[in-house]
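Down below is the structure, laid out as C-alpha cells.
As written, the chain order gives the labels A, B, C and D, with residue 1 at the start of each chain.
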Amino acid sequence: MKVIALIAAIMTGALLIYGIEEMPKWGDPNSPASSHVSPLYIQEAIEKTATPNMVTAVLADYRGYDTLGETTVIFTAGIACVLMLRKKRKGGGD
Amino acid sequence: MAEQFPALIIVVPLIAAFFIPVIGWWKKQLCYPWVVAVLVVTFISSLGIINTIMTTGKFSYRLGGWAPPWGIEYALDYLNAFVLVIVSFISLMVAVYSKKSVEDELPEKTAPFYTLFLLLVAGLLGIVVTGDVFNLFVFLEISSLSCYALIAIGEEGAPIASFNYVIMGTIGACFYLLGVGYLYIATGSLNMADLAVILPNMYHSKIILVAFAFFTVGVMVKGAVFPLHIWMPDAYSTAPSAVSALIAPLMTKVAAYVMIRIMFTIFQPRFSVETVPVMTVLGWLSFIAIFAGGIKALAQTDLKKMLVYILVAEVGYIVMGVSVANKIGLTGAILHILNDAFMMACLFLVVGAISYRIGTRDIHKLHNLNKIMPFTMGAFTITALSMAGIPPACGFFSKWYLILGTIEAGQWAFAAALLCSSLINAVLFFRVIECAYFKPMEPAYANDGGETHMVQRDEAPLTMLVPIVIMAAGIILLGIFSGNIISSIIQFAVPASF
Amino acid sequence: MLDYVIGKYNFWIYAVLMMIGLYAMMGKKNLVKKLIGMNIFQSAIILFYISTGVKTGGATVPILMGHAQEHGHQAIDVAGYLNPLPHVLMLTAIVVSIATTGVALAIIILIYRRYNTLEENEILKIRKDTGV
Amino acid sequence: MDVVCSSRPLWAVLVSMIAAFLILATGEKNRNIRESWTIIAALIKFLIVASMIPLILQGKVIEYTLFTFYPGICLQFRVDAFGMMFGIVASSLWIATSFYSIGYVRSLNEHAQTRYFFAFAMCLSSAIGIAFSANLLTLLIFYEILTIATYPLVAHKETPEAIIGGRKYLVYTLVAGCVLLFAIAMTYYLTGTLDFKAGGFIGEGRGSNGILILLFIMFILGFGVKAGIMPMHEWLPTAMVAPTPVSALLHAVAVVKAGVFGCLRVILYVFGPNLLHDLGLWILLAYFISITVVGAGFLALGQDHLKRRLAFSTINNLAIIILGAILLTKSSMTGGIIHLANHAFMKITLFFCAGAIYVKTHKEYVSQLDGVGRQMPMTMGAFAIGALGLSGLPPINGFISKWFLCLGALEAKQIVFLFVFLTSAMLDAAFFFPIIYNSFFKKLPAGIVPHFDEAPMLMVIPITITALLSIVFGIAPDAFVRFFSIASLAVQNILGAG
C-alpha cells in the first residue's frame, strides 16, 4: 500500500510540476484569472450590490447559490453525524 | 412557470430536506410521504424541463439574475435534461420502495435518513443541472457527504468501507477541484459555456493538459471507473438496501454524465481525442473493467456483491462508449446511462426485497423463490435477460449501439469484450435463475418445517413490489421504445461537435 | 531556472504539500493520520487557489476603501484590489473541507465503537478473525 | 414487387404472445380455461397466417413497420414466399402440438404446466416473428427471444440432467447469439442496411472479400448452432431430456427450423447465390455440411435411446436442407425449401409417436420396443409412415424433397452430393427399419399378452393427422396451403433477382 501511495504521490507531483512551467508568475495582475471575470466584480460590486466588501458581494450575491450549497454542506454534515452517532433509545448502545 | 423548473428541481428537495428533521421530531410517520411528495414534484419538474427543451430548444437559467460568466447559470440541454429525468424518476421509485426497508433496517433513524436521502438526490440533480464547474463541485460534495453517512450506517463492515470511500472520494473531489483551479488560472472563467469558447485557443497549453488529467482522474474515482473503483464494491454492498438501490445506479451514471460533459462540452472532442491519448487509455481500462468486473462477480456468492462487481463492468460499458468517441458509440453510452440506471436500480431493489423477506442474499439459498416471490423473481428475470442482452429488453439496444460504435472505431477487441460481457452476465444471472426456478426443493427457506413443507407465497410488501414491477416494465418498454428515445432525445444529446 | 522556481514558488509549495497529503491519505495505517493527510491535501488546494488571487503592485484586500464609495465605479482601479473570486471559492471549499472532516470523524467514531482500534491492519485482522 | 401494408404479420406474432400472458394470468387452477387459450391462439394464428397465402401467391409482399430504431434499422415485418413457408409450417403444426401437449402433460401429470404452456406460446410467437422478419435485426430479436423461451422447456423436468441440458443449450445458443450480433453489427457497418433482399445485398457494401468470408462464417456459425450443424450439434441430443412435445417443437416446428431458416436467409437473402459463387464459398460450405449429413446418420445408428436417435436424424435432415440451398441451383433450392416443410411434418409425427409410447409404456429405448406395434398399432403405423418418408419412399412427402435435391445435385454437376443425398436416405432407412420391424414383428417380452392399448385420443389424433398429411403432401404437394407453389415462388424471386 505504501508503495502505491508513494507512486501515486510522485505521479501527482510530477503532473503538478509539469503544469507549473506555463503558470502565470506570482501575483501577475494580467494573468487570465485576474483579468477575465474578476475586474467586473471589483468595479461593479459597489454599484450593483451596495457592498464595499467584494468578497461578500460575490459570495452572497453573484455566486449566492454556491453559498446556499455551502450551507447545505454544513447541514448535511450535521445530519450525517446525527444519523451515524445517535445511539438507539432502547437497549444500551454497542 | 416552465422557465422556473431548473430552480425548482434543486430548491424544492433542498428546502424540503431542511424540514424533515422538524417533521420527524413532530411525527415520524410523516417523513416518508413527505419525501415521496417532494420527489414527485422533482420528477414533474424534470419532465417540465425536458418538455420545454423538446418544444423550444435548450435554455439557461440565471440564478439571482446575474449574467454568466459572472453569476451561476443552469444550462439545460438535451443531455442533462435527459439525465435529470433518469435521476428524479429512479430516486422517486427508490423512495417509494424505501418505506419497509427503512423500518426494518433503521427503525430509529427515519428522520435523518430521509433528510440525507433527499440531500443526496438534490446533490445529484444539482450536479446534472448546473452549468458552472465550481457549483458542480459544491453539489458533488453535498451528494458525497450524504452518501458517506448513508453507507456508514449499513451492515457489518460498512463504516470501514465508508471511510475508504471518504478517502477515495475526497481525493476524487479534490482532483476535480484542482482541475477547476487549473482551468481558472488559464482562463479566468468558471462557466462551462464560457470555458468552451475560450479553451479551443489554448489547447497546446500544458496547464489545460494538467487540468484535463485531474478532471479525468477525479471523475473516474467518483464514477468508480476501473482501476479507481476499489472503494466501490465494499461501500455499495454493505450499505442499507434502499441506499444501495439509490447510489449504485445513480452515482455512477451521474459521474458518467460529468465525464461526457467535461470531455465533449467543456473540451472539444478535437482535444479529448486527438491531443491526448486519454480515449485510448480509457477504452482499454474499460476493456479490463468489463472482464475484471465480470470475473470478480463470478466469484461472489452474495447476490449484492455480485451486482456491485457487475456494476464495475457496466460502468466499463459506458466509458467504452465514450472512449470510442463517435456519434453512434456515444449514443450507445448515453442510452446505456438510461438503461443501466433502470437495470441496476431494479436489481438492487429486488435484492433488497429478497433479503427483506428471506433474510439471505446467498445465491445458493434462493430455492423456490419463484414460488415465494413470483413477481419479484419475474422482475429479476426480465432484468437478468436485459443484462444478458436479450431483446426486446433494453440492455440489448444499448449494447447494439455500443457495438456499432466500436466497430466504427475499428476497435474489434472492444466489440468482443462487449459480447463476452453479455455472456458472462448470462452465466451470472442464470446461476441465480436456475437456482430460484429449477432446483428441486431443499429446506432452505423455513427449514424448521417438515421435509414436505409446501412453499407458501410470501411476496414483498406492496410499497416494495410496485417500484420493482414498474422498473421491470420500464426495462421492456425502454427496449421497445428505444428508437423513439434516440430519435427524439439522445440524437440531440450527443454533443454537437460530432 | 531560478525564475522558474522563485517566480512561481507558490506552486512549488503547494505541490509539495499536496504530495505529502496524498501520501498520508493512502499510505498511513492509522485512520486519523489518513484524515490529517486529507486535511493537508485540501489545505494545499486552498493555498493554491488563494495564491492565484494575488496581484503584485500595491493591490490590497478586496474591500473598497471608505472614500472610494463616492467616486462611482469608473474610478475604481482594478489593479488596486486583489481578485475576490478565489477567496469566495475557497470560503466554500473550506466549509466543504470542514464538513468532510466532520463526517469522516463521525465514521471514525463508529469504527472505534465497533473495533476498539483505529489501526487499519488491526481492524482487518479483527474482521478476518470474526469471519466477516 | 407489390408491397401491401397490413398489420396481419404483427397480429400473427402477437396472438400467441397475448395468449402466453393470458395463460400466465389464468394459472394452474383453471386448467381448462388455460388450455383453451392455447388452442384458440393456435387456431387464430393459423388462420391469420393462412389468410396471407393468396396475396403471397400473387407475388405480393406484406409489410408492416413497427418501430424505427435508428436510420436504416426498423423493427419490421415482411412476409415473402420463403418466410411464408416457415410461417405456415410453424403455425399449422402448433395446432397439432397444442392438442398433443395437453394430452401428454395431463397423462403424465407434469408439474409447472402453466410455465410450460407459457413458454410454448412464447416460442411460437418468436418462431413466427423469425419467419416474418424483414431484416436481420428483427430476426435476431426474435431469435434471441426464442432462445430464452425454449430454455424453461428444455430444463422443464428440473432433474439434474435436465438442468445440465438446459445449461448446455443456453451456452451454445447464447454464444451463437453473440456471434450473430457481431456479424449483424458488422453488416450494418458495411452496408448501412439490414433488409433482406432476394439474391443478397451484402455484396453492394464496402466489405472486402476477406471480411465477407469472415462474416459468412460467423453467420453460419451463429445460425448453425440452432440448426445443429456439426460440430455444434452437441446440445441437441442433450436437450432430449425435455418432455416429448418440447422435443417435437424443438425439432420440427420452431427452434432448429429457426436455425435452418436463418442459415437459408443468410445464404439466399443476405449473400445471395452470385456472391457465394464469386467467393467460392458455396462449395466449401457444401462439403462442410456433407460431413454433418453423413456423420449424423452414422451417429444415429449407434443410439439406443429413441429420442436421441431421432435427434441425430434431425441433424441429418437439417443439414440436407442447408446443403440443398447452398448448391444454389433451382431444383436444389426448391428441394431444400420444401424439405423444410416436409421434414417438419414427418419428424413431428415421429416425436409424437415416441411421446405416445413413453406415456403409455414408459419405454424410451429402441431395444425395448419389441412388439409395441401390436399394442399401439395406430401410433406405430404413423411412426412407420414418418420413418419411411424420411428414407425417401414415395408416396410420402419426403420423396418429393429428396427427388428435387438429387436433381439439384445433378444440375450443379456435383455427383458427390448426389451420393451424399442417397447415402443419407439409406442411413435413414437403416436406423428406422429395425424399429419398425421389431415393433410389429417381434414378440412382446415374455409374460405380457399383446392387447390393444393406445395412448389417449388427444395424442393419437394429432399423430394420425400429421402422418396422413405427410402422405397427402407426398401425393399432392400443392394441396391445402400450397407449399410447392410457395417454394417455387421463393426460388424464382431469388434467381430472378440474382
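Throughout what follows, contacts are C-beta pairs under 8 Å (C-beta built on N, C-alpha and C of every residue); 3 or more make two chains touch, one makes a residue touch a chain.
Since this is a predicted model, take the numbers as computed values, not measurements.
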item: Which of A-C and B-C has more C-beta pairs touching across its chains; value: A-C
item: Innermost chain by mean C-alpha position; value: B
item: Distance from the mean Cα position of chain C to that of chain A, given in whole angstrom; value: 8
item: Whole-Å gap separating chain B and chain C, where each centre is the average of the chain's CA atoms; value: 29
item: Centre distance in Å when chain C and chain D are each reduced to the mean of their C-alpha atoms; value: 70
item: Chain centre separation in whole Å, for chain B relative to chain A (CA means); value: 25
item: In chain B, residues with contacts to at least two other chains; value: 134, 138, 141, 145, 148-149, 152, 184-185, 190
item: Junction residues of chain A - those touching two or more other chains; value: 16, 21, 23, 31, 33-34, 37-38, 41, 63, 66, 69-70, 73, 76-77, 80-81, 84
item: Of all residues in chain C, the ones touching two or more other chains; value: 22, 25-26, 52, 85-86, 89, 92, 96, 99-100, 103, 106-107, 110, 114
item: Pairs of chains in contact (touch as defined earlier), listed by label; value: A-B, A-C, B-C, B-D
item: Of all residues in chain A, those that touch chain C in their complex; value: 1-2, 4-6, 8-10, 12-13, 16-17, 20-21, 23, 25-29, 31, 33-34, 37-39, 41-47, 52-55, 57-59, 63, 66-67, 69-70, 73-74, 76-78, 80-81, 84-85, 93-94
item: Complex contact set, residues of chain B against chain A; value: 14, 17-18, 21, 63-64, 66, 69-72, 108-109, 112-113, 115-116, 119, 122, 126, 134-135, 138-139, 141-142, 145-146, 148-150, 152-153, 182, 184-190, 198, 205-207, 209-211, 213-214
item: Residue numbers on chain B that touch chain D, as the complex places them; value: 328, 385, 388-392, 396-397, 399-401, 403-404, 407-408, 415-416, 419-420, 422-423, 426, 430, 434, 437-440, 480-484, 486-487
item: Touch list for chain C against partner chain A, complex; value: 4, 7-12, 14-16, 18-20, 22-23, 25-27, 51-57, 59, 62-64, 66, 68-69, 72-73, 76, 78-79, 81, 83-89, 91-92, 95-96, 98-100, 102-103, 106-107, 109-110, 113-114
item: Complex contacts: residues of chain C adjacent to chain B; value: 22, 25-26, 31, 34, 38, 41-42, 45, 48-49, 52, 85-86, 89, 92-93, 96, 99-100, 103-104, 106-108, 110-111, 114, 123, 127, 132
